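Following are the structures in question.
First chain A sits with chain B, and in the next complex the same chain sits with chain C.
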Partner chain A sequence: MKLERVLPMKNLRRKPARTAALVLLSAFLALSVFGGSVMVLSLRNGLKSYESRLGADIVAVPYQARTKGSFESILLQGIPGMFYMDEKYYNKICAIDGVEAAAPQFYLASTSAGCCSVPVQIIGFDPERDFTVQPWVRERYAGELGDGDIIVGSELTVPKDGTLTFYDTPCRIVAQLGKTGTGLDTAVYTNMSTIKAMMRSAESLGFHYLTDVDPDHAVSAVMIRVAEGYDAEAVTGDINVHVRHVEASAAAAMLSSVAGGLRSVSGVIVLLVAAVWVLAAAVLSIAFALISHERAKEFAVLRVLGASRNMLSRLLLAEAAIVSFSGAAIGASAAALIVFPFGKAISAAMELPYLMPPLGTVLAIGAASLLLSTVAGALSAALSAWRVSRNDAGLLLREGA
Partner chain B sequence: MKKMRVGARDILLLLIPALLLAGILSVFQPCSPREDGSWMSCHWAGRATAGAAGAMLALSLVRLFVSKDAKKGLDLALIVLSVLAALLPGRLISLCMMRDMRCHTLTAPCAAVLSGLTALAALVDLLLSGGKGRRHEA
Partner chain C sequence: MVLRAENVSRRFLRQRKGSNVFYAVRGATLALAPGSLTELTGRSGSGKSTLLNLLAGLLEPTEGKVFLDGTDLYALEDGPRSRLRNQTLGVIPQGQTALGALTVLENVLLPGLLYGLPCPRERGEELLDQVGIAPLKNACPTELSGGELRRLAIARALALRPGILLADEPTGDLDDENTRTVLSLLRRSADEGLAVLLVTHEREAAGYADRHYRMDGGVLTED
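And then the complex of A and B:
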């Protein structure tokens, strides 16, 4: 019995190159399933977050938003956009039938002369009319957003003194929002009077972002909530027909384009994982078949020495299980070293919302990957183990004599 | 003359710091300069990390030519340097304010992962090289 316990390890140690090759194959199994699952789940989480973060049924922006940084780019990639329209369009939108609530937003991008070589998106909202930003703000800050106060996204480092200066306007950070996995994680939120003060300061510093619209009567986007009983698509159409120079998009349409991209990326990942699994499982089966064939005489000698058929099967299965588990542990660790530290880089490369699942889910996926890869490795050796147990020891030894 | 024996652990301890150095100087380098040509602090964090990686690589090279006892000392030095290299970007030298920038998404994770692997390899080598070192007789 003791021999049965030590023999698999001894056999594996005796052939380090063969063992290393088998471990590597099993590692690929675990790496693909763990890494792939975490990535697909993060993308799905990101889409959910994007959906809830949007918070409006319709988004209306000026036509120029197409060329001066689109709303989707701000939301998905955090690329700052600055586009403006006269406040009169906001009033026209409010007058459209089916519009229950409309909240204006004002966008400004900081200069790259601050901390970073890229500008930060500053979003001004009216706390009295807003219904898209405040639900998120309330999760972290219950107070009133005063003049000069800002709320920063989760991906901005808060300086020790708790202040940030934009266009010579010092601002006090009162809260930091939770992570959403969207481009808004690097944005700064403030009230309308503060952002308009920044705009005036920018003008005095020589940044003339607004040429044909009065800064005090300008808005960048209007977030619209549709009244019950009205169809968002129909209201979007009404706005596009009746309010000229404005482009309205239904949130559902914006989401479907992101969901489409997510489906393609997820599909590719799932396909790759499946291909790696099929290939690795096939190679492992062949490898175990070849190994058991090569070791036929070794097993025959063990039979002659008194090992039962079952013991031989268990021996080969134990070797396969040890190799698969070690490989799975190495593969899952390697995947963790890629998907967690480089998660943001992966998200930026895919240009899709990406939000890591909670720790409990990640641990469960890790445990499932280890189990699946170990079982797959052991199953690959099952047929070989059965064959080994059926071989006639006497015949095998006589053949080699 | 004693024959030089290079094992898998020696190759790993040479390869990982080399990857770190090459990565920080190329694909994992920090953010580009500002529009006015000035550098942000992440650039200096990257330079310091590259310096630490260079020192790690030099120690790994020296490891190949010294006795077993000296190797253990160099393993310890590699562990300390790896911790330094991992802490440099972000902890000891600040990075950019926006955490979706290159220095946060590529430079710091690369330094953390490859330094961690170097420290792990050096620790494993230290433990596996086993046995008590020769004591100097008085």
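And then the complex of A and C:
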């Protein structure tokens, strides 16, 4: 039908400012629902990845690191942390009943290195005892991790020559880990002898990180796997009771605080989206009521010329659909422009793990948001469209005479 | 093509006045035949426009029937009745009735857009020429005077070559010269075979008409 294609466009062009305002309003519908759902999904994804990435049932760190929340900062925000305890505590942990495996890690922060604009976390681990790092290797560039070799997190760019230099120690990149959405994506992993060499190099460069602990006999954190049949909470309790100066946390407990944060952030997002929708839908319905009122006489004229009641409804609905579709397209694009580049920053600000769903899922959500917002926009004109079709042409024209 | 009202009445509910039911049109019988121009006069509020709307299929009678040839207009659903109006009736409503978003020429061609049976552009231009506003074809309706808008409505009513033309005070805002132009245009249309109903206050119109009706308090009588 030609009229529905021609007239709504002309009507919209006739009032460019009003049309722009309505389009903008519809854009908020798509922007909020698309942006909001991608964020909520990314947070959920992030939590899942955080859970599996942790890879340990219990994490033990020096008491002072625990109280300062340094370990969570590394995980959630990628803020490098350095804390140390004597190796003897590691041995004590290994001796606790129910500890099946314990992997020590040694932490060092780089200075603003050539590779990265910010200091990165360097994590030394023992490939023999490790069970939380190596399962995450996504891409292998060279052979096994030997002395002077490193494995890098997914967010670090691998230079052409395949080496990164820390504290004057050039390191060969042998592998890269998969994306996790946690702070560990910017970390660098190496074996214990390499990181100790770096430490000594740092000391000779004038950085004195360790004052009261001998670097050769220090660990930063211990990743613990609980043996079958033991309760992680109980083993955690045992460690905390029997090993002084060490604070063990069950992964489940660490997760539950993150999950709680995620729930409240998701709740706020959902609430915001709902508020935007209620508001936008209300304003749009009022706008279309005003438009149909303003154009009541023109609708009566169309009726006189032979338009059926249904055609009048369709004309108004077409106008609403054009507005809401173009708005939704703009809003969805804007959401993509915000969510993709700034997702990381948003998550850092919220101190929650954030992992974008696969592109296909994001695109599907975008398409669904587009559809939903268009339908909502058109629906906001539905009542007015129905009223328009009920109007009495004869009466309207008499009034206008 | 014959448009025929048989004993049609239209009752309205009215808030004030003694009885709250009153007849705007009461028992009107009228036939508009091809080739004849029928004049309808009457005081303001006597029911002329109501009768015209009844004839146009725009207002359902409370009693009586309206036939277009053999078809009972109000036995049809709104859709087919509207389409029939579009294709067989040319209606010139009271007042100013151009669509603001369209140019003058687009307004004239508008009836052709409704059901995808376009009215050729040349036809529109020719009609604008006949009513004397051809130079304004690309103007916006807001730039037109009341009289020019009225002439636009006449051109628009003729766009799809209707068999019947219903004109509600088409010369309302026009000066003498333009009144004569419009009246002779309606006359010519009747001569070309249209059935024309002309609702008017114009004394001069009597000379152009074949039949004369008066409306008085909703009651129709032939002079």
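In this section, the second predicted complex is superposed on the first by the 382 of 401 C-alpha atoms of A that agree within 3 Å, B and C clash if a C-alpha of one lies under 4 Å from a C-alpha of the other, contacts with A are read in each partner's own complex, and residues count from 1 in each chain.
Heads up, the rule we're going with is that a residue touches a chain if its C-beta (ideal position, glycine included) is under 8 Å from a C-beta of that chain, and two chains touch if they have at least 3 such contacts.
The structure presented is a predicted model; accordingly, all values stated were derived computationally and were not measured.
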Should A:R14 be classified as contacting the first partner (chain B), the second (chain C), both, or neither? second
A:R129 in the overlay: touching chain B, chain C, both, or neither? Say first, second, both or neither. neither
Does chain B (first) or chain C (second) touch A:R387, or do both, or does neither? neither
After lining up the shared chain so the two structures overlap, which partner does A:V120 touch, if you call chain B first and chain C second: first, second, both or neither? first
So, does A:S308 touch the first partner chain B, the second partner chain C, both, or neither? second
One more residue to check, A:R44. First (chain B), second (chain C), both or neither? neither
Residue contacts with chain A in the superposition, chain B compared against chain C: C
Set of chain A residues, in rising order, touched by both chain B and chain C: none
Within their complex, state which residues of chain A touch chain B. 78, 112-118, 120, 155-157, 159, 185-186, 337, 341-342, 344-345, 348
How about chain A: which of its residues touch chain C in the complex? 1-3, 6-7, 10-11, 13-14, 297-298, 300-311, 392-394, 397-398, 400-401
Contacting residues of chain B [partner chain A, same complex]: 31-36, 40, 94-101, 104-106, 109-110, 112-113, 117
Given the complex with chain A, which residues does chain C contribute to the contact? 49-50, 53, 56, 58-59, 78-79, 82-87, 89, 91, 93-102, 110-111, 113-116, 118, 156
